[in-house]
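Here is the structure we will look at.
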Amino acid sequence: MSAEAERKTENLPQWKKEEVEELADLLEDYESVGIVGLTGIPSKQLQDMRRDLYGTAEVRVSRNTLQVRALEDAGYEDLVEHVEGHVGLVATNDNPFTLYKELEASKTPAPINEGEVAPNDIVIPEGDTGVDPGPFVGELQGIGANARIEDGSIQVMEDSTVLEAGGEVSADLANVLNELGIEPKEVGLDLRAVVAEGVLFDPEDLDIDVEAYESDVATAAARARNLAVNAEYPTASTVPTLVAKATGEAKSLGLQAAIEDEELMPDLVSKADAQLRALAAQIDDEEALPDELQD
Amino acid sequence: MEYVYAALILNESGEEINEDNLTDVLDAAGVDVEESRVKALVAALEDVDIDEAVEEAAAAPAAAAGGAAAGG
Amino acid sequence: MEYVYAALILNESGEEINEDNLTDVLDAAGVDVEESRVKALVAALEDVDIDEAVEEAAAAPAAAAGGAAAGG
Amino acid sequence: MEYVYAALILNESGEEINEDNLTDVLDAAGVDVEESRVKALVAALEDVDIDEAVEEAAAAPAAAAGGAAAGG
Amino acid sequence: MEYVYAALILNESGEEINEDNLTDVLDAAGVDVEESRVKALVAALEDVDIDEAVEEAAAAPAAAAGGAAAGG
Amino acid sequence: MEYVYAALILNESGEEINEDNLTDVLDAAGVDVEESRVKALVAALEDVDIDEAVEEAAAAPAAAAGGAAAGG
Amino acid sequence: MEYVYAALILNESGEEINEDNLTDVLDAAGVDVEESRVKALVAALEDVDIDEAVEEAAAAPAAAAGGAAAGG
């Protein structure tokens, strides 16, 4: 710990000092440090997540003021603004993109409660609700779902968006969702920002489009193939194309020059036949043509 | 078909496509020549650009041959 | 293509496709016949079933005709 | 696309596609390496079956040539 | 097709496509050269723009390669 | 194809595609570099406009099918 | 393409496609032979069944004759 950091912590009570020191150790031990949102994660689940991440990343929860102090001491000022609400520190030697992918993949669905803000559009899916006819159909209609009674049960006729992202969940909606067992939230460690080897990454930066990369790989491979073939550079994968190209060229020349080659004869004969037919097609007079050339 | 081929040969050799020439070619090939057909062909070809028709077909046999494959 | 056309005329008239007959047809058409091409053609056609080759082309006649039309 | 090419070399040589190796290859080629692009590529390729993508390109290179999204 | 390939090599090397040169190339490749075919080839190529004919093939390079695939 | 990829990286970084640079890139990728292949690549690329050559489809089997279809 | 043509002649004549034979053919054609390209071609052909490649190309005979051009 630097002398400056030493000085900053000297006015803290002993337990806080120790905690900041622990955080400082954490920040020092790993190449990448980030802030994760912990909102809505039951402590049991948080324990499980921390265990699942063992060996990949370390998550530490502490008072925000102490986190801020540790971050400032360690030179992670860029992360301080993200320490807001219920958050923790995450530290890893992994690639931050990989960390983001792993955290996203570990998120699990959870019910949403009255008064919470919808993180994404809430949709009641089309289909049989399995609920017997009764007042529930009215509740569904009340929150904006296209529902009616059919075949002895309550059916939702089409996917119905009942609340858009950012909207507040009403008591009625929370009830309906609860009744249907719909869990519209994704709960998990929510990576807010990471600094990896001095570079700050936002979630938008970290959310890579794997398909685009896949398409880039295909493009790169196609370009290399094109170049190799067009530059006539033989490799095991381009030689068949080069051979095909060379034979195609020879054939094209052979047909254009009507070269008397055994291999070319069938094509030359069909070329002659096609020319005959093309010419015949220009002739209107039936007298001039044999039966087989008349339409 | 032989009448049309005869016309195509004359077209390539640069000879005039007339009754005499067509008849000569067909005779040489052992064809029992029908005069009326020769007449009709000469008349019919008067307004046709043979080179153009032939050139267009040169691209097409490929299409033709490939057509079967592509369809398969 | 005149050599090929000549062979096809002979094929249709039922005459043998040999050097003499080909030369006769081409001569009659005013072609300055090259013996070597005639020889090579006869040799090349030895194992070729002309009718089959024509039939294959004819199998997609629409393609040929259409090609010409599309080009025109 | 140089980052992707570098990954493809490593893929063929059988070396691991990781940050160090990619950086080495790009460095050797005189590329001014951006660490974050390397990191993103490594993470993204974890989920890509490179051999499959390459093979697909060989089958329909023209189609693939349109792609260029991220690495470009 | 070896005679045609020989002509194509000469075309690329810029050497004249004549009987001697063709024979030399084919000889070197262990081909039992037939003089009349060589003669016929030279005659056939006399008025042909080889580069153009080759280029036309290039317009559909893979057509050849992909024939089977295209058929499927 | 690793040699070709190496050339493409150099092309993008603006470095010269010569034997030394190619060898450096391939070395860095852990490739057991064969000098003759490097030489051959440099020779093959000498007169090639790489940017153009990479875009020009070298194999487009779909085109074949399309060509035939268009003809039909 | 002269190197590939040379390989194809050897393939047809039944001679081995090795460095010496390729060099002989190219030499005879007046090509300024680059050893490295010959080597690279021989190496590449080691893993390829050339007859199969030729046959596949032959499967779409007409396409090569200009089918794609017609479509395009």
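Here are a few things to note about the model shown:
First chain written, first letter: the chains are A, B, C, D, E, F and G, and each begins at residue 1.
Everything below uses one rule, namely that contacts are C-beta pairs under 8 Å (C-beta built on N, C-alpha and C of every residue); 3 or more make two chains touch, one makes a residue touch a chain.
What you see is a predicted model, and the numbers here were worked out from it, not measured in a lab.
Path length between chain C and chain D in the touching-chain graph (shortest route): 2. Between C-E and E-G, more C-beta contact pairs are found at E-G. Seen from the Cα centre of chain D, the chain whose own Cα centre is farthest off is B. Placing every chain at the mean of its C-alpha atoms, the farthest one from chain C is found to be A.
The geometric centre of chain A is 63 Å away from that of chain B, both derived from CA atoms. Once the centre of each chain is set as its mean CA position, chain A and chain D turn out to be 18 Å apart. With centres taken as mean Cα positions, chain E sits 28 Å from chain B.
Per-chain Cα centroids separate chain D from chain G by 31 Å.
For chain D, the set of residues that touch two or more other chains comprises 1, 5, 8, 58-59, 61-62, 65.
Shared contact sites, meaning residues of chain A that touch two or more other chains, fall at 220-226, 229, 232-235, 237-238, 240-241, 244-252, 255-256, 258, 260-261, 263-264, 266-267, 270-278, 281. Residues 1-2, 5-6, 8-10, 12-15, 21, 24-31, 55, 57-63 of chain F are the ones that touch chain D when the two sit in their complex. Residues 95-98, 100-101, 196-197, 199, 201, 205, 208-210, 212-226, 237 of chain A are the ones that touch chain D when the two sit in their complex. Listed in rising order, the residues of chain C touching chain A in the complex are 1, 3-5, 7-8, 37, 40-41, 43-48, 50, 52-54, 56-58, 61, 64-65, 68.
Against chain E, in their complex, chain A makes its touches with residues 229, 240-241, 244-254, 256-261, 263-264. Only residues 35-37, 39-41, 43-44 of chain E touch chain C when the two sit together in their complex.
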